[in-house]
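Below you'll find a set of structures to go through.
Paired with chain B in one complex and with chain C in the other, chain A is shared by the two complexes that follow.
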Partner chain A sequence: MSGVLERVQKWIEERFGIKSVDNILRPIPNFSFRPDYWTGAILTTGFIMQGLTGFLLLLYYVPTPDQAWASTHYIMSSLPYGSLILTFHLYDAYAIILIAFLHMFRHFFVGAYKKPREAMWFYGVILGLITLGFGFTGYLLPWTVVSKSATDVGIGMLNYFPNWLTAPLKSLIVGNGTDAAELTRFFALHVILLPLLLALFLFLKLYTFEVHGIAPPLGHSESENVKKTSWMPGGILYVLMLALFYIGGLLIISSVFPATLPPEYSVQASMSVTPEPDWYFLWIYQILKLSIFEGPNIIYALILVGLMFVILFLVPLIDTREGRSPSERPVIFTLGMIVATSIVFLTVWAYLTPGLTIPFYQAVIYIGGIALIEALAAYAALRRRRSSASAGKVHPSIAMIVMVSSVIGASASLLLLEKGYLISVLLIVGFVYAAMTSISKIERLRK
Partner chain B sequence: MKKVQLLLVGLFMTLLGELLSVAGIYLSSQLIINNDPLARLLSGVFIGLLLISFGIMIAFYRLSGSSEA
Partner chain C sequence: MSVDENRRNFLKGMIALGALVVIGGLAKPILDYATVSGEIVTTFPKIKVTNISQLQVNQPFLFNYPLTNEPNYLVMLSQPAQYGIGPQNNIVAFSAICEHLGCIYHFRTSLAPYGGPDVPGGHCPCHGSLYDYLDDAKVVGGPAPCPVPRVILELDSSTGDIYAVGMEPPTIYAHGPSCSSDVEYDLQGGSVD
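Up next is the complex of A and B:
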């Protein structure tokens, strides 16, 4: 038996130049056998499943305005396993977006984007944008009244920019402006262009991952010798186990909570619905709904959101210092916390206020409140940590954040008083009091 | 638990899960052709269970330390 195996191994080695898996893939450090180190592998599994289920849906889906909804309805109601496959495709997309956000914030908070892994962050942000592109194009395909109306609102925002800037993009995504041209283009982007870009950047990212390996845990250096396991069978089995749990779990959820298809799009039907994007765009939608961005001012909101993505892309070039632990980079860490919480908060808020314009002062109060509380918490934690090392020296930038947050919080309270929202004021005062008490308690414990 | 015991427990759980899920898939696939709503609900549950059973088998295999050999 061993003779046969050796001959097979020799045959492969001679033809493909592969002696063993350890020649191609670097062994995995044992500390990384934890699911949070493998969110990228789960995402790759999710993308592979999207390809497989997407192919099955392609067999029945018809990308024309008169057939898109009907063919989706046929898949969901009449085709054996059709409902399961379509629901899985949808929920897998949701899971990918959710895990992609967690993956990004996890690597942000542990500073995994630092030298020499900056390129992985760049590829990751591009992959994130491609994922959101999949979401945006895929949302239109069932041709439901909500998805078509919301997509048209999204496309309509391009009109606020100068025509010379947006004309190429508009011709790519809407063509001559008819429904048929729009649907065909979204379909082509969803099933050809975006998958190609995804494959390209995923390859680049995995290649860079192999070059640099997994980032060591906080407090450990790259050069430290750690125990490692070969990909075959240890690594493969671990990733396979995670993939099986992910796919199995998602299949069960898709069966128990099957997706429902909203009514078909028609001009009449669209009059009676509030166009709303899918949940992963709700935080942007909430920013666009702020009263100061009403009418043509929406261009400033779009520039703001665009700027946020540019800053996100440039994070490794902004935070170039070597230390990775939160206390070594308190400002960027605290800002990350505030952004992460605000995204979740804006998403929930947008879900609760569909189509409503949001008074700007409310956003200042809520986001300012979040910023204040988190900055105070970070300040307390840092002060405690620093004081144990060197007699209570406070990082000036952290102090600055606390000061700015306090000013925002105070002006927010004033605005609230003016509007007579006494309960909200009491709540904010309560939060601040709780934060201050916690700090003083921590301080007392230290002494 | 010893390595062999862990492997046996994993194998037993997997076999049980696989038996149940294969039977479920077989029964639901007969009904799903007629679009039976219950079968539509259960089909994915059984396929999911089958995959998770394999996952459990690997988890026990890893737990026993055999994958590091």
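Up next is the complex of A and C:
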């Protein structure tokens, strides 16, 4: 049998120049057969599905102010499987954004951005911004009352920048400022420019991935010999399995919970809604709502958020030491934990306080509390690790437990926000205590 | 066999220069093409808004002026207002776009339930900005950096027609720099129907 297969392969190679996969792609290490090593592959799957469903939506969608909502409504209500395709496109976008955040934090916490993979991180941040760009432009396209109003608020923020910057930028994004120009441009960005940029940077990233291979697990060096498996068929089957699980899962969710289309935009209709950005921008929105950023001060909030992305981009250049384990880079690791928790916290908080100005002292108490507790937890974990006989590296799962529990704790405390923050603080402390106990349990088990 | 490095570098430089000229030459046309500005309007048009007989007390009438993306409220208040027109000086019109972040705010017969004084005016659902319609839309609460601009109205007393003829400063939100005093910005970034 294999003789036939080899002959077929040889025949193809001689005529088409297509070699066997092993001559093109390096085999993948066996330790990587775990879903958390392949979040990037799931994201790629998600983007491919966005392309396919996006194409199907384009067959009927009309990007004009008087047709956009109607054509979306037509897709959802009249076309066979239209609702499923549109819902899938929406949920796939949500899933991509969520997994992209997880993907980023995962690689941050295992230190995968370190030499020689700095370029992967740079490409990743750019791809993340492209993804958010997809979200921002796509939100407007159905022309619903909330999405159009919220997008206008987003564009309007440009006004707080100096005019020499605002005028050309606005002219590029919304043309002459009419509704028609705004929609046409967002549409063009969403279906042409952003996909092109995505393809370019995804190609660059996959190329670099192929050059460097998967980062070895913590405590193992790059040069170590590990067992490997060929892409054909092991790797392909594994990634295909993940992809199909992802698509299947999304399909089930899309069929069980079909999206509903909010009412069409009109100035009259917008008088009765509170514009809210989609959930993935809520944490930024919450920062903008802080009382110290009222009025023209909002520009400082915008600069602050911009600065966060700049720092994020520069992470591999800031943390250049070789060690990847949390105990070898406790400061940046803890900062990462605080940022991750704060993003979840701010998102839930924004969801609970639509359209309210947030007193600054509240933010200081909550974010400061999270930061303090996590810093203390990290410090305690570090001390414990350093003092133990087997001094060495803290396993990432320990830090993960601290992080996950404080995320849950912080979010749960928010849900109790109405009941006063004393309970919330107690809850956070409780979660951290539970996490610390489980850490010591794990360490005892290890010994 | 020796390689003439100078010659090589010169050729490389020529290629780089060529690429630069191509990219530079393309950049300006593309940018110019993409940033076409709207219709140039330099003076405020005179547009009929409604007729005084159509107005009911405290029922805001929504109209676009001077551009189609600039909605305003025209409202006949139950008491005289500063700069109000009409027999009772109680008809005023203000931009409906909140000066804070550009949400469409709501007209309320009293701002008291929203933490403001007991006057008719605007309440923005986004971040709670309050505008006092009796006092030229003065900010009486919330984060708005300046009042919403007033539409200059004219009443033709023979027919009862109400016309919009211009805008008072500051500029409408998202037109020109935030809260600018140069009302010409109100005529940019949109079209006149």
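We adopt the following convention: the second predicted complex is superposed on the first by the 372 of 447 C-alpha atoms of A that agree within 3 Å, B and C clash if a C-alpha of one lies under 4 Å from a C-alpha of the other, contacts with A are read in each partner's own complex, and residues count from 1 in each chain.
Keep this in mind: a contact is a pair of C-beta atoms (placed from the backbone, for glycine too) under 8 Å apart; a residue touches a chain by one contact, two chains touch by 3 or more.
This one's a predicted model, so the numbers in the text were calculated from it and none came from an experiment.
Taken together in the superposed arrangement on chain A, chain B and chain C fit without clashing.
In the superposed pair of complexes, A:Leu240 makes contact with chain B only, with no contact to chain C.
Judged by the touch definition given at the top, the superposed model places A:Tyr61 against neither chain B nor chain C. Of the two partner chains placed by superposition, A:Phe108 touches none, neither chain B nor chain C. Counting the residues of chain A touched by each of chain B and chain C gives the higher count for C. When both complexes are overlaid on chain A, the residue A:Ser78 reaches chain B alone and has no touch with chain C.
Of the two partner chains placed by the overlay, only chain B lies in contact with A:Leu251; chain C stays clear of it. Within the superposed three-chain model, A:Phe122 lies out of touch with both chain B and chain C [touch as defined at top].
Of the two partner chains, chain B is the only one touched by A:Phe88; chain C is not. Contact with chain C, but none with chain B, is seen for A:Gly295 once the two complexes are overlaid on the shared chain. After superposing the two complexes on chain A, the closest approach between C-alpha atoms of chain B and chain C comes to 36 Å. Touched by chain B in one complex and by chain C in the other is not one residue of chain A.
By the touch rule above, chain A contacts chain B in their complex via residues 77-78, 80-81, 83-84, 87-88, 229, 233-234, 237-238, 240-242, 244-245, 247-252, 254-256, 258. Chain A contributes residues 149, 152-153, 155-157, 159-160, 162-163, 166, 168, 170-172, 174-179, 267-268, 270-275, 289, 294-296, 298, 355-357 to its touches with chain C in the complex.
Chain C makes touch with chain A in their complex at residues 31, 34-39, 62, 64, 67-69, 71, 96, 100-104, 106, 125-128, 142-145, 173-174, 176-179, 188-191.
If you check the complex, the residues on chain B that touch chain A are 29, 32-33, 35, 40-45, 47-52, 54-55, 58-59, 61-62, 67-68.
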